[in-house]
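Next, two complexes with chain A in common: one pairs it with chain B, the other with chain C.
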Partner chain A sequence: MNFNHSNLFINSPLEQFEVTSLLGFNAPILGYMSFTLTNLGLYSALIFTVILGLHYMGNNDKKLLPSKWSIALETLFASINSIVRDQIGKEIYLPFIYSLFFFILIANLIGNIPYTYTITTSIIVSIGLSFTILIGVTILGLSIHKIHFFSFFIPSGTPLALVPLLVLIELISYLARAFSLGIRLFANVVAGHTLLKILSTFLYQMFSGGLIIFIVTLLPFALFLAITGLELAVSFIQTYVFVLLVCSYIKDAIELH
Partner chain B sequence: MASRIVVNTLRASARPRALPTVTRAVNARAMSSSNPPPSERASEIINNLPSSQNLVTKTGTVILGTGLLATAISQELYVLNEETVVAAGTFILLAFLAKLIREPYKEWADGHIQRIWGVLESSRAEHTQTVKDRINSVEQMKDVVSLTEGLFALSKETAKLESEAFVQQQKVALASEVKAVLDSWVRFEQQAKESEQTELAKSVIDKVLSSIKDEKTQKEILANAVAEVEQLVKNKAI
Partner chain C sequence: MHVSLIRRQLGGIIPPKIATPSHLTSGSGANLTPLVNFYSKLPKGPAPSTVGGIKARYFNGKNASGAPLVWTILGIFGLGYTVDYQMHLKHHKNHAH
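Here is the complex of A and B:
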């Protein structure tokens, strides 16, 4: 009876992505400022702590012989290093790419734990991250190539008559990167979490339907497990794709095609 | 009736064949190494429960766990909802992945650690060997210092002797030079003396000759000679 009563109240699958205030206060500073710790802020701090902790454990007390943790970390470092060397060719960008990789990966993985919040499902985080990166990459390109950076918007061998049109198209395509990079990550993670939420809602209804239905529901539950595994894989794949694209954008800014 | 007979016949013919098949299947399942017998499987699950090895405490853990869960749910300390399904799914998946990955990762990591350990160990052994070789090579040259010191003393003495010899040579050279100069002086003096004597003799002879030519002198000489002869005669010398 209790179950049926609770089943009447179904939450929206998108409710999990809401940024909610956990605690806050209004201070009479600079007018009336509201200082609030949201779930987004809390999980950002948690991600930071986890990354620091992971690297502290991976540091292996500065011993020469690696531990199992440090080997895993070294392998990840070597993978990211090879991505940076293959894509950009300059290791000066490795710290940035490495930090970015770990931030997104840990954010996605923490989001896969039940009852938690995924900060990459916040559009302000994803788009903010991609916008910041694109602005940084543009500043990098301008600082390296000065005015010649704008030749990036004119493909070589373009007839003069088509230049205004192509510049417009290239500019839009360049600016679209800022959106596409963030939206790709955001959409994939949101879609996966929403799917899991919807499926789990259905499965919960079925599991609470009686013993026989409970046993029958184990079959779609196996499918649900596979989708959970896929979500786990998406966390890695989207991080890899994000980092790879940032590398290619940096390369574009450095080499101008 | 006919159909009943047919069915009975079929049942009878099927029964003896089906039984051994089932028995074989059960035996095969029991003997299979990949599928442990249910009793072992059950004891394995019981052993996995977090408490001491005693069966009573295991039972207590199960009862306590179930009771706590029932209390948590009934008191709405824990609310069963769709997130529970996600939690269960995630837990099962992570447990499965951990079980799947643990052993291969452990093997790979151990191999990697062993490889690094081997490299470090071999380089340490190489270094030790190199140091030993160096010690041996240095040991062969242990007399080098005393030998060098002896050689140095010898060379110092040689240099001292050479310098003394040079001084002596210089002295000899100087003495011979002085002697040559003095000899030349002596020769010169001798020649000068000889020439003076010759001159003197010549002047004496000339003077004597010139004096002899003088008659007075001749008379005097003659008188002297006569006087001497007379003297001799007087002395009865002749």
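Here is the complex of A and C:
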């Protein structure tokens, strides 16, 4: 069956998540390499620029009275600082958590602009991030507790007979964190964006169906705007949840519950 | 190298000798002219703003506004639309698939 048939007019709502090559070239360097700028790369660079720009522009130039921009930044800083202090208790992890928070937040927010690409809807970004963090956290725990780190997998007061089973279960639950952390972010953002794409395709068809239908469509359009607001909230909430969980994983590695 | 030459080169770091204990405590007619000289040459008025441009116009102090946010969103929308148009939309301009 030919899918490019002229009657098929609805795009796949998942098409927006494809990583496509925007421009690239092949060069005979180190064998034969292909250098490509994908939409993923473009938006990563954009997010980097926006975060740097925000912090450069929003800083206060050592003045006593803050501007509204630096109040906003300082408020975010204070919230993240309190998350880190409540969860981990050591502020040495603040720079990492702060960068992580801004990266995910700005990535999600930029993705809410129409026609853009959201890099957190890419499995390689969200799962890659959570895998990297889990590997780092494991190394952290091993370096702090050396061999005692493995007591993490045996809950205190376990009968000896149950130890092999419990170690297996705990190990699986520990490794599952690497997936669950990334998939939580990925799935929430993908679900929201897919929903918005489907709804906006419907709305486009309805808006272009005549004057009366246009006026009737304004009601579902208001609902659509509300869902867009919900997506903005999801951007913040998922960032917060991700950062909070990373904090609790770091705490687990430091204190071995 | 000559001592005074080094001194001149380091002039920005070594503070000027504007008052010494002997100057200030030598009776009622204390020699305050170096002190007066030094302070009379200092720039007056509020310190000039060290940053200009967009930051001074839209971000600092009372000028802080949401305009840069709107422009950033519009800019990213424009970029996204351009990419989408070049990659996809222009092939469907006259016929929907």
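In this text, the second predicted complex is superposed on the first by the 249 of 257 C-alpha atoms of A that agree within 3 Å, B and C clash if a C-alpha of one lies under 4 Å from a C-alpha of the other, contacts with A are read in each partner's own complex, and residues count from 1 in each chain.
The rule is short, and it goes like this: contacts are C-beta pairs under 8 Å (C-beta built on N, C-alpha and C of every residue); 3 or more make two chains touch, one makes a residue touch a chain.
These figures come from a predicted structure and were not determined experimentally.
The superposed arrangement places chain B and chain C next to each other on chain A without a clash. Shared-chain residue A:Ile80: touches no atom of chain B or chain C. Shared-chain residue A:Val234: touches no atom of chain B or chain C.
Of the two partner chains placed around the shared chain by superposition, neither chain B nor chain C is touched by A:Val137.
In the superposition on chain A, A:Pro114 makes contact with both chain B and chain C. In the superposed model, A:Leu203 makes contact with chain B only, not with chain C. Contacts of A:Leu40 after superposition on the shared chain: neither chain B nor chain C is touched.
In the superposition on chain A, A:Leu225 makes contact with chain B only, while chain C stays out of contact range.
Within the superposed three-chain model, A:Leu64 lies in touch with chain B and out of touch with chain C [touch as defined at top]. After overlaying the two complexes on the shared chain, residue contacts for A:Ile250 are found with neither chain B nor chain C. The superposed three-chain arrangement places the nearest Cα atoms of chain B and chain C 6 Å from each other. Shared interface residues of chain A, touching chain B in one complex and chain C in the other, are 6, 65, 67-68, 113-115. Contacts from chain A toward chain C in the complex involve residues 4-6, 8-9, 11, 20, 22, 39, 42, 46, 50, 56-58, 61, 63, 65, 67-69, 110, 113-117. Contacts from chain A toward chain B in the complex involve residues 3, 6, 64-68, 71-72, 112-115, 196-197, 200-201, 203-204, 207-208, 221, 224-225, 228-229, 232. The part of chain B that touches chain A in the complex is made up of residues 79-87, 89-90, 92-93, 97, 105-106, 109, 112-113, 116-117, 120. Across the interface of their complex, chain A is touched by residues 50-51, 54-55, 58-64, 68, 72-73, 76-77, 79-81, 83-84, 87, 95-97 of chain C.
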